[in-house]
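Chain IDs A, B, C, D and E follow the sequence of writing; residue 1 opens each chain.
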Amino acid sequence: MLSELDSSAILLTLKLAGLTTFILLLIAPPLAWWLAHSQRIFRPLIEALVALPLILPPTVLGFYLLIAFSPDNPFGQFWLSLTGSQLAFSFSGLLIASIIYSLPFVVQPLQSAFANLQKEYLEVGAMLGFNGPERFYRVLLPMLLPSFIIAGGLGFAHTIGEFGVVLMIGGNIPGETQLVSIALFDHVESLEYGQAHLLSLLLLGFSMALLVVIYGLLQKRQRALQYA
Amino acid sequence: MLSELDSSAILLTLKLAGLTTFILLLIAPPLAWWLAHSQRIFRPLIEALVALPLILPPTVLGFYLLIAFSPDNPFGQFWLSLTGSQLAFSFSGLLIASIIYSLPFVVQPLQSAFANLQKEYLEVGAMLGFNGPERFYRVLLPMLLPSFIIAGGLGFAHTIGEFGVVLMIGGNIPGETQLVSIALFDHVESLEYGQAHLLSLLLLGFSMALLVVIYGLLQKRQRALQYA
Amino acid sequence: DFAPIKVAVASNFRNSLTEIAANYTVQSGQKVLISSASSGTLYNQIRHGAPFDLFLSADQKRAQLIEQSALGVKGSRFTYAQGQLAFWVPRQQAKVDLTTLKQYSGRFAIANPRLAPYGLAAEQALKALHLWRQFSYVQGANISQTYQFIESGNVEAGLVAYAQLLQNPLLKAEQYYLLPAHLHQPIVQQGVLLAAAKQPEKVQQFIDYLISAEVQALLREKGYL
Amino acid sequence: MLRFDLSKKLGETELLPLLHFKGQIQLTGICTLFGDSGAGKTSLVRALAGLDDDFSGSVCFKSNSWQGEKHFVRTEKRKIGIVFQEPRLFPHLDVLANLQLAGKKADAPLYTIKQLAEILGFSDLLHKRSRQLSGGQKQRIAIARAILRAPELLIMDEPLASLDKPSRLELLPFIKKLGEQIPTLYITHNMQELFYLSRQMLLIDRGRVEAIGDPNLLFLDARLSLVKHAHSGLLIEVNKITWQPMFAMASGRIDGQAILLTGYQEREEKALPDKLQIKVASKDIIIATRPIKHSSLQNCLQVTILQIEPLVAGVALLTLTTGKQKLLAKITRKSLIELKLQPNLVVFAYIKAMSIVGEAE
Amino acid sequence: MLRFDLSKKLGETELLPLLHFKGQIQLTGICTLFGDSGAGKTSLVRALAGLDDDFSGSVCFKSNSWQGEKHFVRTEKRKIGIVFQEPRLFPHLDVLANLQLAGKKADAPLYTIKQLAEILGFSDLLHKRSRQLSGGQKQRIAIARAILRAPELLIMDEPLASLDKPSRLELLPFIKKLGEQIPTLYITHNMQELFYLSRQMLLIDRGRVEAIGDPNLLFLDARLSLVKHAHSGLLIEVNKITWQPMFAMASGRIDGQAILLTGYQEREEKALPDKLQIKVASKDIIIATRPIKHSSLQNCLQVTILQIEPLVAGVALLTLTTGKQKLLAKITRKSLIELKLQPNLVVFAYIKAMSIVGEAE
């Protein structure tokens, strides 16, 4: 039914989306916090910068990333000397690109939640003896769990569907950079509609199932909070 | 400097992004509210459905929308009989596609804010005599303004950068459905780097300026709220 | 009247067509509106009612499929260009030739054989040279991505379209080797008149211009056969 | 008239499995809601305001049915001004904007923002945000907001709980006057407020309305949960008020017996009211079997002992009557024994202190 | 010893352009913070807790410097348990989880959750969420949370403000006992709480520390802003406590004169303390120029009049002394004139009522 390439693409996609989401959930909260509360004059600039990857069409963004990743350029050179391997057409390259591209989707729901948070609760956290990181994971995270899930879900879904960027810097190498989105695009472009439909269904089915489960748990918790 | 085609693409893009954001800011709040608070059993399903457009690569999503918009299919037929014109390859078609595709980006930051909102303030709104819509715009909107701006900004930015769907649905017809993202893509594809860089710079510059202004106003308001 | 002709053209030919159409407009006063995308995308769009008059595919297959369906005008299919493959090693100091190709090791950029005719041709050529298993490939979704992989320095060598190379002002003759055409099936780019065309005669006049000796000569200068 | 019969299940495992409030109250003046912490006062007023639709049953306000089997008038249509237990000012607005918002749907507020700012003492705070206010300041602004809504019913949930005593004493007369203009439900734990403000009291105990009535009578009834508060004192009506210029003091009569009113501010003679209510704390009454001379005790009533109850160890509570009105007196067991007090005995009750509660009707 | 000198500019246009708190207090027992609404009590304790870094200056707690020119110990390192003015329970956790969280960083809490649940009366609420609690219930849980933090300093901002009187009376002895184990800053507007709990009082007025000292002395000082509260009564120490089984009552001596203690619970003879503090309200003292017989008045002290001050119209305030201790008595002008009272006169002061405030040290 599903070709071997397609199934390895699925695994790779899950790995990429999972890792990207995980890393974003580490990076995004402090950034979102800063964006929500800093009074620095250059905050709006950083805020706009975070949204910037959205403005460029993914392929074009991918094109510029390709240039940046090239060993001819400082960043690509730096990476090469650091790791001994090239960034473009590698899983690491995809990961970095996905992180950049999905960043706003994770940062902004969090920022939206943080901006409305009442600082009173963090004061309670400090009173209870928790330092900054402890307040994050003992107070902020459990209190704003829905926002974290929404942010993570958005980042995850977006990484799965992302395509323009990874097409450009992935090079479609089976098992390494060939993702489901690309395989799906291939099928549609090469008029293999049957396979396209099958893969779409599979992707949608799986993602739906995952999201429904997560959102369902979230709803259950919410219900417990209000009516238990 | 900028070709005539490119500048008409810019105007069209602004029109599309502006309209899409406007319509989304009308649709998204009630949907986000429902998603944040409903206790219906099928809420997680709807929540996943909203995120669904993200899962499919934009081109593939565009492909399925193309099929749906085709006069051979009920929806396309319905539209044709209603308006007398075809949905695909028209501005209306682009608008509908953009709305579908950018919906999650506007809904989810709002949902994130609504989920943490203390209902107490809405009770005050009701006490003051405001009905549902009035509570929305007299209480919710001003109180959660940062979230609305974040949501709108994300939707706007994303509509500008969106490309796969609009390419598929729009057909890249100059002056009619050719957007900046597609023009930019065209330039990159046809190795016209000079024009690509120019257009990228312009797009980024303009979008940055817009976002910096909006985010700056937001920060100013926040400062006033805390220290005035 | 002056209703423009709407042409759907595969992305790789957009540049050339823009130039040709501009000349045509000067000569005949007829405006031409160009929409470009990958051939696959254009094919899908046409199947679902895109309002184009003329389809210029990057390959033969999709033009044929349209011609055979009710969407195309039977017998209107024509070849408007034939591509050439070039082996490109931009950073090479010595003259690039077949030996360079045979001795090359490392990542190799080609277009995706399933999506792009240049990719398919590249696969055929490399198989004919018994080199297919020698390389590990980086595939571009289309021939311009493949070109960009190499140009940006992320891949050292690969097979690209000769027409693209000629667009590069910094190109030196030592950097590439033009593959003999017999190594692969011809990369024919065909077009077809669409049944939806409102003014088929005007479109046919443009087709005639496209395949005229004058234009074909221009295309040869630009790297087509 | 406000009539209600409302109930809500809280769950079998709950401390209170069921809240069920049934009763009817007169809409004249202030009706105080009194009861222990967790008894259900806030729950009741929220249900009356239509803020908790888990309550089923009926509510009738004047001639309107607010809630019934098949209909439910939303809060925004009930025209209720609420001072919530927490201030709930909008954090994104300054004080003035908070108050202006309250006027948006108000037909004809009794006071302007400026007047209220003066009465409630926040004229200097109009441009502050909620975060910049002290607890008591927030509460005063929440009171103003509820008034500016121009409500037909006012609900106040412990509005003065975090105010200092002088401010509270300053505001109470205003609230009392307000209550005469807008029917008011007033939750408080403070007995001074209760006696000063209310002519009608709704006693809530463990999720039910235990009693509704005159605070005086309810505090006299030992069957109610109030028993733990009782014995602190009762209200007494004084009539025939006249001014004694020599002592700069008013005097009056309780069931015909003369009494001097300490603590009543100076007034012109003609402005004196006919009747006054005073509260006499039970510990402020001294019982003597013979008149006391040469002391600072001024007010003596001849009373009959109705009842003698032991309270905590060493203390007894006497219920006394002057004829029509009742008094409570707390004395030591030692006095009880030494003075040989018994029911039906006539004794002298000296009132050491009293507080003027208000003008009687 | 807690020493502080903290200031914060609020802005020229503000009601209080500057908050400046300077003082030092003993860390034994409870120190009450008293002052009008908006005086700055909450601001001061927040600054002491390190929750407002807009304050500059210094804070020294015992031998540690918490804040100085160049350093600032964060709240989480100060080990302070705080009962905020609003309860601030985490909405996403039930009561138990809220309390467990408080124990995460506590070294050796004095009480377990179970013990506190019993003492503070919320055993049945452990599985409720903050939304499902009444105002008073939330406050009790916030108190428990602050205790479970095992703090070295306890700050309570009007912790009993929304409790009913019986619950409050029940909790006060516990808080007093707690204060002997953990130094406590206690904000209240309630004078009963103030006199019952504190040996030390910090008077805050318009953004400054107006005075620090024994509430008795401060309330005697007419120069302080307290004057509007004063004259309500003073604390007196009673020693040589013995039990009178016949009257089920304890007796003791004030500067050598015998007195009966009403309202003191029954105790075994040997468990009686040596000394007690009682509060005598100024309106509970009756002045007589000759002894009173045949009345329920039990306690008579021979006192000397120190001072006579006019209060409001018709009322005068006498300062009396039994030798070492002072008493205030409020009497009418009429009595003053009729009894011909003057400074240095020796009279009989009858104490009608008193409240036992606690065991003196």
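Just so it is clear, a contact is a pair of C-beta atoms (placed from the backbone, for glycine too) under 8 Å apart; a residue touches a chain by one contact, two chains touch by 3 or more.
Because the structure is a prediction, the values reported are computed rather than measured.
Among the remaining chains, E is positioned farthest from chain B, on the basis of C-alpha centroids. Between chain B and chain E the centroid-to-centroid distance comes to 60 Å (mean Cα coordinates, whole Å).
Centres computed as Cα averages put chain A at a distance of 36 Å from chain C. Taking each chain's centre as the average of its CA atoms, chain B and chain D sit 56 Å apart. Multi-chain contact residues of chain D (touching two or more other chains): 86, 91. Shown for chain B are the residues that touch two or more other chains, namely 59, 63, 143, 188. Within chain C, contacts with two or more other chains are made by residues 41, 44, 148.
Pairwise chain contacts present here: A-B, A-C, A-E, B-C, B-D, D-E [touch as defined]. Per the touch definition, chain B reaches chain A in the complex via residues 36, 39, 43-45, 47-49, 51-61, 63-64, 104-105, 108-113, 115-117, 143-144, 146-147, 150-151, 153-154, 157-158, 160-164, 181-182, 184-185, 188, 196, 200, 203-204, 207-208, 211-216, 218-219, 222-223. Within the complex, the chain E residues that touch chain A are 49-51, 74-76, 79-82, 84, 86, 88, 90-94, 101-102, 104-106, 127, 129, 131, 145-146, 149. Chain E meets chain D in the complex at residues 15, 35-43, 85-86, 124-125, 133-137, 140, 157-158, 161-167, 189, 191, 228-229, 244, 246-249, 260, 262-266, 283-284, 286-290, 292-298, 312-315, 329-335, 337, 339, 348, 350, 352-353. Within the complex formed with chain E, the chain A residues making contact are 120-121, 123-131, 138-139, 142-143, 145, 225-226, 228. Interface residues of chain C facing chain B in the complex, by the touch rule stated above, are 6, 8, 11-12, 14-15, 33-37, 41, 44-45, 48-52, 142, 144, 147-148, 164, 167-168.
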